[in-house]
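The following pair of complexes shares a single chain, chain A, combined with chain B in the former and chain C in the latter.
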Partner chain A sequence: MKFKLPFNKKQTPIVIQATKENVEMIIPEENNFTQMIKDATHNPSDLIVKSIPPNLTLIYIKNLVNDQILNDHIITNLQNKIYETPETIKLSLSLPEVNISSQLEETVASLVNGSVLIYVEGYSPVVLANIPKRESRSLSAPENESQVIGAQVGFNESLSTNISLVRRNIVSPDLCNEEFKVGKRSNTSLSLIYMNGIASDEMVNTLRQRIKDLDVDALLDSAVLVEMIDDNSLSPFPQMLLTERPDRFCDGLLNGKLGVIVDGSSMAIVCPQSFIEFFESREDKNLRWQVATFVRLLRFTAIFLSIFLTPIYVGALTFHYEVIPQAFLVPLSESRALVPFPPVFEALLLEFIIELLREAGARLPTKIGQTIGIVGGIVIGTAAVQAGITSNILLIIVALSALASFTTPSYTMGNVIRLIRFPIIILAGFWGFFGIMLAFCFILIHLLRQTSLGAPYMAPFYPPRFQDMRDSLIRMPLPYTAKRPSNVRPADEDKFNPEPIKPEKS
Partner chain B sequence: MKKVTFYIIPLFLLSILVGCAETDILDRVGLTTLVGYDVGTEERMSTTVVVREVNPEFQSNVEVITTENETSKGNRMKANRKLSKKITIGQMRVVLFGEELAKDDLHSYLDSLLENPSVSNSLYLAVVEGETSVLLEHEYKNIDDIGQHIYRLMEQNIKYEHMISSTLHEIAHDFYMVGKDSAIPIIKKEGELVELTGVAIFNDGKMVSSLSLEDSFYVKLLRDNFKSGIFETILKEEDIPPNLIKGTSNEMPVAFDAIKSKRELKLVDATTPEFDFQLKLKARLLEIYPDVESGDPKVIERLEDAMVKNLTREISRVIAHCQNVQSDIFGFGEKYRSSVRNSNLSKEKLHDMYKDMKVNIKVEFEILRDGVFE
Partner chain C sequence: MKNPIQLSAKDMINSYLLIFVIHSAQVGVGIHGFQRIVYQEAKQDAWISVLLAGLATHLIAFCMIKTLEIYGSNDLYGIHQDVFGIWFGNFLNVIYILYCSVAFFSVLRNYIEVIQTWIFPGLGTWFISASLLLVTIYAFTGGLRVIVGVSFFSIVLALWILPLLLIPLKFASVDSLLPILEANIGSILKGAKSMAFTIIGFEILQIIYPFVKDKENVKKHVHLGLLFTTAVYLIIMLVSLTYYSEGKLDKTIWATLTLFSFISFPFMERFEFVAVCFWMLIILPNLCLYLWAASRGASRVIKISGTKFVWIFSILIFIGTLIVQSRTQINSINTHFGNIAFYIIFVYPIILLLVAMLKKKYSSQKEQK
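For the complex of A and B:
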């Protein structure tokens, strides 16, 4: 198994300094204590120090705590009553998460996490009442992975909401959730989620170790995490799935895959993922198997068209005019007759324009984005043909391959499909079909060498697993797909008893 | 460092080898669709090429150019001097040979066609009655692109089994096979049209005789299996059973279609040699004149007998003609070679033997349906 993590190539043994840092104790004196906290947090303007006579001081950061709970449960409880010790305060507060600590570092960490420090004059331990304010948007439909039939809810940016979505889909005590903090400065929490009894222990250990070994200062999105923890970070092909659909995430978990949800990111990670699975949509499971098979085959055809159609045009027109069918010959050459460029330049130009349109559409606000589509598609397209810069047959081909690349259910994979087209076009312009074949072989060899969390990337075709092929290019009826895919090495192989419920058709 | 060189060397080769590939950009080449070879008046051969050129102004136009030179490559160079675009032959669909040239020898022409990798092996060959240049240079009223027209003409006739197939692949196969000679369709300019008029039969590389269009059906019957052919013949007086006919005429034209045929060739005696040729035919009766009582099974039976007689006679006639001119276009020699051990057959040996070859023909004919079709 490979561990190619660019961020911890020079792994130094972790030196245990815990006892040394934790010894800094809180001094039981009011002024000094406040000053210590202010120093430790560099005296931010939203740090509130509120004293409640006779002997209590509350310290909290205004934007991190829930004001309502603070008013209703803490201030009203503490006012006009006399508490002697931190223990009595802890007992009197009707809050779920109240701790007592006398160590400065723990106290400050708790403060920035949304705690209210309750300091009792003359005592070293302080009460930490954790009442964080969670800013999160409401749940909405997944925008990048929409589907017609199926659940219309997507993950949002809050870790706890996302986990609750998962827990609502899989109601089981076997659903394991391990929390990690990643990033020295950002202290981002993330959850490793898997099904105990289905997921392979070895893979859980591998992923846990990869996350723990991360030595980064900040982690702002799960897509960054994927690039740091996948098997080959230098490959353009993603080896872990990024999804914003809870049902797709849970489907992975139930198949024995592992999931990672990062706080602050609406995309969850599913791994191990094989190449072919990037082109499978959750909706395929919701459709009848004949329809699902048709849609999948359509999608795979689209991908081949998307990658090879423009290069074949370039190759055929530059070198292999022999292979053009006679019926195409006249329309092709007549539409090319006005074009002053060689086919490779013509194709690159048009692909470049299409990519520009896509990028502009993605960056612009939604309302202007639609205008860009019309301007690009109709105005530039027809104008380019009339000006004689491109042939209209190539315009159709390029538009078709752009359209086909958007059928990929995974956006990250769709990007790769669009990217690898460019070197193939250039090679087709250099050497014709030989160049296309060279590129194809290169890509194939590259794909065969990839792994995803140690599992073969081209499964179930290489290594051939006929059982798993039933749910890859095609989707067989449910009774035939009762086994979990073998490349995740599931602890429990059977999803359900494959015998039909109605044994005899009456 | 090793890894770096591992990547850099292919990249370096990649960048310098780019210049080595010769481009043929579609709209910058003249596409030859048809080539005709004739015997030259001053030099060895005369070549007529039909070239399609694409120009932005004229959309596309077809040029017919005749040149004379010693070799076909020399002719191409000469033709290039008359055209604005480089001549390429990758889209060539038909090759025509003048009659005089075909009677001389086709071997070298076939060789040069086969040896060129950009020449398709599925192009059609045909012999032109008279000169190819006359056929091609004529300004036809209704034919825009003569190259395309002749290709379509041959394609549809071969596809619907009106004519024997003559792709370069098949002809070359027959030429280089010891036990067989080839047969190529003949075309002719007929006023403002081009017409298929018969089959040229060859002895080795030389055209020795020709068969009429009617006989080409029998040639195809003897060489290949029909899947759904169409056929018309005239039953002569001696074929017709006395009680079949009502009127006074002594000839009966009949037409069949959806013909299915199966042939079986057996060597029964290696010394003469003697062959048994069995032919099974199934067909639909389309037309018959004068009308017969086609609902009566007995009449149909008599008609079948009459057809068997007619076919046997016609086939024997065709074979006898081919024996006469020493052209084994049916592949009897190949059957002999594959059945007789250590036969050491050569073309000369075959043609000696072929004269005295005996063929017993057995025909079974079955009329499947009759009445109105299509």
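For the complex of A and C:
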């Protein structure tokens, strides 16, 4: 049974081929030409028309071009000299990207992309000197995916900066970069990046096709792109990783995964990604393997507790008092003695408050957000217990599971962990452990049904691949993890040739 | 050979997954209380009966694989159609589909009863039945890949229960196994026969066989799966025999669950509450595999699509669980089903193998002439 997808991913957009007759040609007369450009761009206030005597006219949009280059290289060069043809102008400009075009559409497209149009009186072709000014913030530490040991730089919103970050990490001619334009109105550029010779061609083709088939108005962020190109948009579980760390991105590329960087978005996409890989941090690779294994196990325990601890509390207190040991039953009933609500309501209320604090903390400015978190947490928590709305023990459990859900190295996955807790709590409130198990089975089957770019989502556990399990729930020492995960169907399976750790002994 | 099943490599599974499929298909609700039924016949020699029943499964699995190997890539339904002709073959296929349906029903009904007895006396049959059916349908519509995945996880995630059986061993006395071989051979065999209801499930092999990628390894992995099941049953039987005092097993309907109820941790007591709920994961592959087998058969006999079949099937089963309510009814269904299953699973494959071999000899002679 297949669900209908909200986006018509398979639909191929109708491409209107621009035939020669449809293309508007530029008329070689100064006034008319300026008017044509003004009409085509709807005469914005930042459109500058500057004429340089005797026969040149510059047209550009003030906020899109780099003023310094415009002054130093174009205006200075062109003043007080007589150029006859566009060709001679093109030759005289010391700029890397200068084109000549006589088609209106191309000219206007270039203009809004940050070009200066240099029009020579009496000639139909115009010179397009591309000197864009791209505003972007400077590089900073990744805020959402911080780590202690490892690089402290994150992607920013500029496509070219991000690609240069990747190119700095992987200095190789095999790093392929294909650029696409997506969005009829926004014309967003995005880059499909992969390692030739490692990434599987089939997967590259699939992803390329999915991006090409997109027929959308605008694309403002990579997170939206993920929802449009992943395998099952209806699932709450993300099937592609969003990361703002260049090292995590490059790690994926070197393992044979594909990456997508969208201009204007600081999150890069990595796919295919299996479920377990969302819980692996890049930092695990930087730590000694014993420590990394411990941290990973800690994280998985945390996630399990985060999902099931509150439901188990609700289930046990509503239906299965017998399960609770007697020694524990006394403090539990004491703390619950004053609570007027059934456990399910009590738990939902507290979870709701915690989510509220999280959401308020995320929306408020950083300084206030922290204060709200602490004040809200302590004040509301203490007051709720003293007022007898909730029990101390539940407060601990709810805080613990909220804390645990933040150990997920992927924010999108952490959100899902927090979300799926609510239906499980409700099920536990109505049908006890049976309800929890029902939810567990549903989630298990749901995860088994998912794929990421056609690769099984539950890999390496199902289908079982023991080679890949060495770097999943635990992390074995480097010599044992010389193979790339087979989930990405890599063209080259070996990362390196493993050698004995201590050669002199063996 | 007629209508072999052609499959793309993407739909097929690796043969080592058969270990999990076979084991998870065998272990289900029977394990909750098979001790009493066997104990009634063989007394303290019940473990020998379990061993014999396990041996029998290996023998029958051997016959099944031999039959399937004659046909290369075909399932039981196709073999029936080829050996007995379209009409009688399809008649047998319908019987087999009915068998799978009754097996599905009996697993579901028994589990509902266990839940109602142990945890939720007030919870409506319709709710448990509907919720379990929905989960099964969700898994079934994902295809064989998901069903085998459920089998795999149901075993891997349930492995931790096995070491817990060591806890009751504290109170066990080995003396209750003595004297060995007090029961005569007849009652031991009778005990083995009464294991039928508990130990069936491996017949799924006859349907899943064409979906296995590397068929030359099937034998090894099927027998490994069966061995694992026999070992689990044997361990549970030995623990129960030594734990319960003489005659007590006669009166305990769910001996395994009663064993669990003595297990306690510092943070949890009355383990059977968890176990009974957790058992959902263990019976899920049972349900999925029987449903899948029935739907394979239905699609071969009347060319019905899987989705359509699963809804009709589920509605019928749902009505069935509402009709059969009392303990006596369920018990008599179990007994009768166990008897019928014994003949379908433990006798019929041998006959089929002989017929198939004769037919092969006959047709090859014909070709030579």
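Quick note on the criterion: the second predicted complex is superposed on the first by the 488 of 506 C-alpha atoms of A that agree within 3 Å, B and C clash if a C-alpha of one lies under 4 Å from a C-alpha of the other, contacts with A are read in each partner's own complex, and residues count from 1 in each chain.
Keep in mind that, in the parts below, a contact is a pair of C-beta atoms (placed from the backbone, for glycine too) under 8 Å apart; a residue touches a chain by one contact, two chains touch by 3 or more.
Keep in mind the model is a prediction, meaning the values are calculated, not measured.
Undergrad: Superposed on chain A, are chain B and chain C clashing or fitting side by side?
TA: With chain A aligned, chain B runs into chain C, so clash.
Undergrad: Going by the contact rule stated at the top, is it chain B or chain C that touches a larger number of residues on chain A?
TA: If we count touched residues of chain A for both partners, the winner is C.
Undergrad: Contacts for A:431 in the overlay, against chain B (first) and chain C (second): which applies, first, second, both or neither?
TA: A:431 sits against chain B and chain C alike.
Undergrad: Could you look at A:449 and tell me whether it touches chain B, chain C, both or neither (first, second, both, neither)?
TA: second
Undergrad: Taking the superposition on A as described, I'd like to know which of chain B and chain C A:294 touches: first, second, both or neither.
TA: After superposition on chain A, A:294 lies in contact with neither partner.
Undergrad: May I ask you to decide whether A:322 touches chain B, chain C, both, or neither, giving the answer as first, second, both or neither?
TA: In the superposition, A:322 contacts both chain B and chain C.
Undergrad: Pick one for A:334: touches chain B only (first), chain C only (second), both, or neither.
TA: The answer is first: A:334 touches chain B but not chain C.
Undergrad: Between chain B and chain C, whom does A:463 touch in the aligned arrangement: first, second, both, or neither?
TA: After superposition on chain A, A:463 lies in contact with chain C alone.
Undergrad: Could you pull out which residues of chain A sit against chain B in one structure and against chain C in the other?
TA: Looking at chain A, the two contact sets intersect at 319, 322, 324, 326, 431-432.
Undergrad: Would you tell me which residues of chain A are touching chain B in their complex?
TA: 316-319, 321-322, 324, 326, 329-330, 332-334, 336-339, 342-343, 430-432
Undergrad: Sort out for me which residues of chain B touch chain A in the complex.
TA: Of all residues in chain B, those touching chain A are 14, 17-18, 21, 23-27, 29, 31, 52, 54-56, 59-60, 88, 90-91, 93, 118, 120, 148, 151.
Undergrad: Where on chain C is chain A touching in the complex?
TA: Chain C residues touching chain A: 13-14, 16-17, 115, 119-120, 123, 127-128, 131, 135, 138-139, 141-142, 145-146, 149-150, 152-153, 156, 264-270, 273-274, 277-278, 280-281, 284, 307.
Undergrad: Which of the residues in chain A end up touching chain C in this complex?
TA: Contacts found on chain A: 1, 319-320, 322-326, 328, 431-434, 436-438, 440-442, 444-446, 448-449, 456, 458, 461-464.
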